[in-house]
């Protein structure tokens, strides 16, 4: 394999973006749609070829400098830089720091290529139906292409700075897509919020990168994580540089992780994701469920060897993840908007992956947590995209996001119903759906690290099953909405149904992929074995119990949910209001930052700084008026001053000199 | 500086001071002009005194005085002419009246 | 001692002016009433020729009359510069002189002007205080008559009263100072003798008083604060041509004479006495001049205060007391002549047509008289020291000369002067603002000024634009100044 | 022959502009003169740029290329010395681009188009002259030449409180140049002998080579020159001319002012203050780091609550230009390279911003973001351009702002002490605040509902407006996507400056 494929994989989406963005206005919708879908389809095929070659052939890659690199050496999958061109180079006294743009082929990037292009392709296809007739259809496709490009660029980054570049680009794509319906104030606000929150997180990441690069003088992942890199880093950073009780490396890693917290919507930076649901549903499926939001997980996975050097930073990740997982799961139980339920579910699932990464240690099941996390990333992408696209079909059918406008839809929309159910079963972790396998591995890893986190996360898994089935029943069972008499909902057109069916099929079988053979933290294959007794059966039981509970509560319309809610009204209200995070942020941003700092500074600038400058002018003017009596018009006064001046000149000089 | 010279010098300085004082206090333009003459004469006197007492062999101070007297005369003539003009214009030679141009 | 008449040849610049004076005087006396109309062109042509001739009269350094009179290339250069200025003033005065107000006495105007110019030349060239006083007085007394020239305007008379009384008072003070100098001089009134005597004596109260009074005397001519109070009133009341003459020629000549007196007579007490006197005066002059100028609405009065502060900048060349300072000062005077006359040219053009001199009347001028506005803008920019106009160069060069001294105090002085340029920029921009920015309907109607006026304005504008860029002017002045310095101009300086 | 030097044409062409305009009568003639000559400038800048790179590639190692020296004021050893290094070449390019774009942005200027372009040409003459000279006297002269037309341009063709703003801007900038002038005079008198044997020299290269200014004088002169240029670089607390001035200026003038003129400040800071006074720069930089650090954050915070589009941009300029000076004060190659990149980037993007604001204002007759909304629906072209400018401003990769800011941050982070670290991190915070105010204004102005139904009748950009904006966007994107050649050109140019600096430690 040479560099043609990697370059094409990146070039096609950006070319699509440029073509659609610049000439889209002149194109018909159909033309734009076909172009976008074909482009993405090609990219998908190319990515499959790359991934297939990488994973399943024993060949080698020809890198940009003409060297031939085998994929597997001594049973270890290699990280291969297909190309790595200098984009910017900074000269320092202590050496040059170059920013490269390249294409790093390794297990996780190959896996991500598959995930991204697959979901993106299906979303492209789906959107053709979903967005039909919308104004700005071409723009939508252009932005989707931009996003795909950015996301691909992110995952294949050879260095952390490239990752940061594309990290920002996915942020802006996300901004553009969330705000796609830019006439809606709520969409505009949501997009802004998403961008600013993630930007704030990126600030942390940037500072982290600054610190890291200051000490290591490299951005390159391979240099950082391999070939004595970590030890070297440790030697330089670890020796004495301690700031506020933590080593500099810990600071760098935690700060870099902050970026991941923002993108992956970890507490307390999760607030943007539910609002991001204002965007068109296909976008939510692509960006806010399957790909972009897992960038944080990907980031940690990418730098995992470094994180391993500072277990404290991994513990930090575990803690954040566990809290977020529980929080999001609880909140998801109380939301009305189906997309928000899914959004919180996404947060919770990503937190799962984070915890899994956080507990991964080479000595515990050979770094199982890492593999599990990636596995879950993969399966979650599929079933969550499925769920979102299903939700999109529902919304398309009933023109509302709230489950209150739904209920009893299983008769009207059979395809959606079945695919959605598969998605729910997968996320709930029911055998043999894909979620079961990945979640099981994750739980094993957690148990392996600490029983406490294991139990905690098993509980979260139970909650997941509960709220998903709550959602499922409220949409498809519960009570038929009277509204349907006027407007009968029906299944979506083929462009939308096809992706649902395919993704459902994938969700059914993805669990049987021998993932451990392909993706592990150090490239050595890992043989998955399911610990039925210790982990799988208990967690299955918990999930089944939760589903049962949901069935009892929501299968038919009844008053049980209200009664349950009334047991802890405070908790319910708080959860319903997402524990008031938004209000707290609102208070901080509006009351403190805007009114307290910005307005104060603006006032200070206008009145004190500017006032001082004006004061100089005024004082001059005032003085000018004050001394005008000097020029009284009386010749005698003039002469008097004259005489006085001459005498004073003499007197002062004489006094000073003699 | 010998005492004799001081005896002459002091009156001259007093004259000068009187001139200044007169200029500043008198309201009539003519009176002011006279005060000016006092000052100029004090200057002349000074020159003469210095010449006589300090450099008795020289004559420059004396000549200077002569020229100075001439200049003073010219000045006076001019000033009177202008005062007449003013008088024509405002029928007055009060210095307090001619303060229209100010500030 | 026999009078060698060939010595008069050294005075050829003066004689040229005198000749022009005589021609005009005789013509004015003997011509018929009708024929007197030709006085104006005659005076201008004659003086123009004299100006041109002046350039060829610059000879080597020569002293005459036993050292009472001195001429040297630098002195001739200054005189040529003054000639040019006076010529432009004459050109600008034509319309006013030939108007009803002045027509009957047009001859007198020219005669007086030439006499004052003659006086200034003497003052510059004098190396003996007697000759100096004669020059000084013949430069300043006829001006009083010129100030009073507008017989029908009260302001003119008031201006004249203020001028003459202050002038006489100042000459009294000046001569008082001189008398003290005489007392210290060892019996001679020659500059060189006095300088020698002063150099040998310790600083005394008498010397300081003498110096203060001399400075005060010059302060009157140059309108240094606090000796400037007559300036505004006189400038405002006098006929505009006279104002412009007062503000540039009179000031320019006095500045050079001042330099001569301070350096050649009091050179030995530079660094411990008059440097600090000038230091204080310069700060006062620039600042007070600016502060007063800010709120003026009458253009002539405005220009009066502007010229007060400009005088402060000119004085920087004196305090520098070196070749560069001398060069820069002469150059500054030259540029100042062009810039100031540019402004006065416009003021006069408008005043002659409409009688308006208030800045408020200039509002919207660009709509009716774009070229006048343009010329005014350039002139004002030059005064404010904005490149690429000449004023920038003159300012920066004079600052350069001052900073040549390794003295922090002088750096501070330059800083103060620089900060004052901001204030001055403010009020100069007020004029620009009135002409270009003010949204009001224009008061001054559209008119076409006479050929001569335009010619004069063109000269000024060309000067403003070219003087700085064509560096040879400065180079020439430097050459002659350097020669003067080589001949011991600054020899007595410590 | 003076004209055989290519650089001098950067001054000649504006002079030709002036001459051409002086004889023009009709609007079309004026436009023709401006378009032809500003294109000529652009071509010339491009040509100089290319030949510069070729010469460098051919191994010419001189610090400045295309040098020419013509004695001007011989007694003071004042020369018209020209010469360019990589930085000045880029600055010339930037200026040419913005003059070009500005010409089109003021296609329909009214009233007095001829006068407008006269002052405009004078302004550009000053700017170009400043960048080509290597003699501090002429540099200062061109600096002032560039400043003063501002007064009339704002005063006559501006909007709002134009008289006040124009006066304030002019006086404050001139106030800065007063300090600057003293600094330059001090430098001259301590400059040591010139190459031609004169006792003192104004030539930057010679002064730097002599390096004869004593430490004490450096301590005095450095603040003078730095503040002098810093005022133009909108350094806190001397930035207040900027919001008012920009708000009231006409479009092309805002473009040129924020785009190029403010760069004169930054350029002068390193070319004169840092380069010629290295020791003081090393010792006193901290004072100005504090001030510029405040500028960065302060400007950004102030921009957050403004309601006038131009005020937002002006404060954002304060922040961004603060970054320029901040980076220069870091005194290492990378940070300073970042500063130059930031100048280029900010120049282009602010010019774009102001051009767009002018175009929007020309249509809606308001700049109050509370009175506008949903413009994206009405004028999508302008809206998209505005968003691009906004993204460039908030540092989106692929656009120029990102490259510049990152270079600055990574360069500045080289200082390992707590003081620098704190300020660098504070500076990095500005990227978030920038995002806040940019998105705020984008959200209010372009997105959402149409606020004023009258706006629905408005039209999108005309061809000349498109030309003007496309030029700028292309440049912004080009720098953003392919920064390395610029980066390396700049880095090379900093070698002598760095040598001076390190020698002074």
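Residue numbering begins at 1 within each chain, and the chains themselves are lettered A, B, C and D in the order written.
The rule we apply is simple: a residue touches a chain if its C-beta (ideal position, glycine included) is under 8 Å from a C-beta of that chain, and two chains touch if they have at least 3 such contacts.
Predicted model only: the values in this text are computed from it and were never measured.
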Chain pair with more C-beta contacts, A-B versus B-C: B-C
Most centrally placed chain - per-chain CA mean versus overall CA mean: D
Centroid spacing, where centroids are CA-atom means, of chain B and chain C in whole angstrom: 26
Chain centre separation in whole Å, for chain B relative to chain A (CA means): 96
Averaged-CA centre spacing for the pair chain D and chain A, given as whole angstrom: 37
Distance between chain centroids, defined by C-alpha means - chain A, chain C (Å): 77
Multi-chain contact sites of chain D, meaning residues that touch two or more partners: 171
Where chain C touches two or more other chains, by residue: 161-162, 165, 169, 173, 232-233, 426
Per-residue overlap in chain A, given as positions that touch at least 2 other chains: 617, 628, 631, 633, 635, 639, 643
Chains touching one another, given as label pairs in label order: A-B, A-C, A-D, B-C, C-D
Residues on chain A engaged by chain B in the complex (per definition of touch): 628, 631-636, 639-640, 643
Contacting residues of chain D [partner chain C, same complex]: 72-76, 78, 112, 115, 137, 140-142, 144-145, 148, 151-152, 155-156, 162-163, 166-167, 170-171, 174-175, 178-179, 181-182, 185-186, 188-189, 220
Residue numbers on chain B that touch chain A, as the complex places them: 20, 23-25, 32, 95-96, 98-103
Touch list for chain C against partner chain D, complex: 324, 327, 366, 377, 381, 386-388, 392-393, 396-397, 399-400, 403-404, 406, 411, 414-415, 418-419, 421-422, 425-426, 429, 432-433, 436-437, 471, 474-475, 478, 482
Contacting residues of chain C [partner chain B, same complex]: 129-130, 133-134, 137, 141, 144-145, 148, 151, 154-155, 157-162, 164-165, 167-169, 171-173, 175-176, 178-180, 182-183, 186-189, 232-233, 236-237, 301
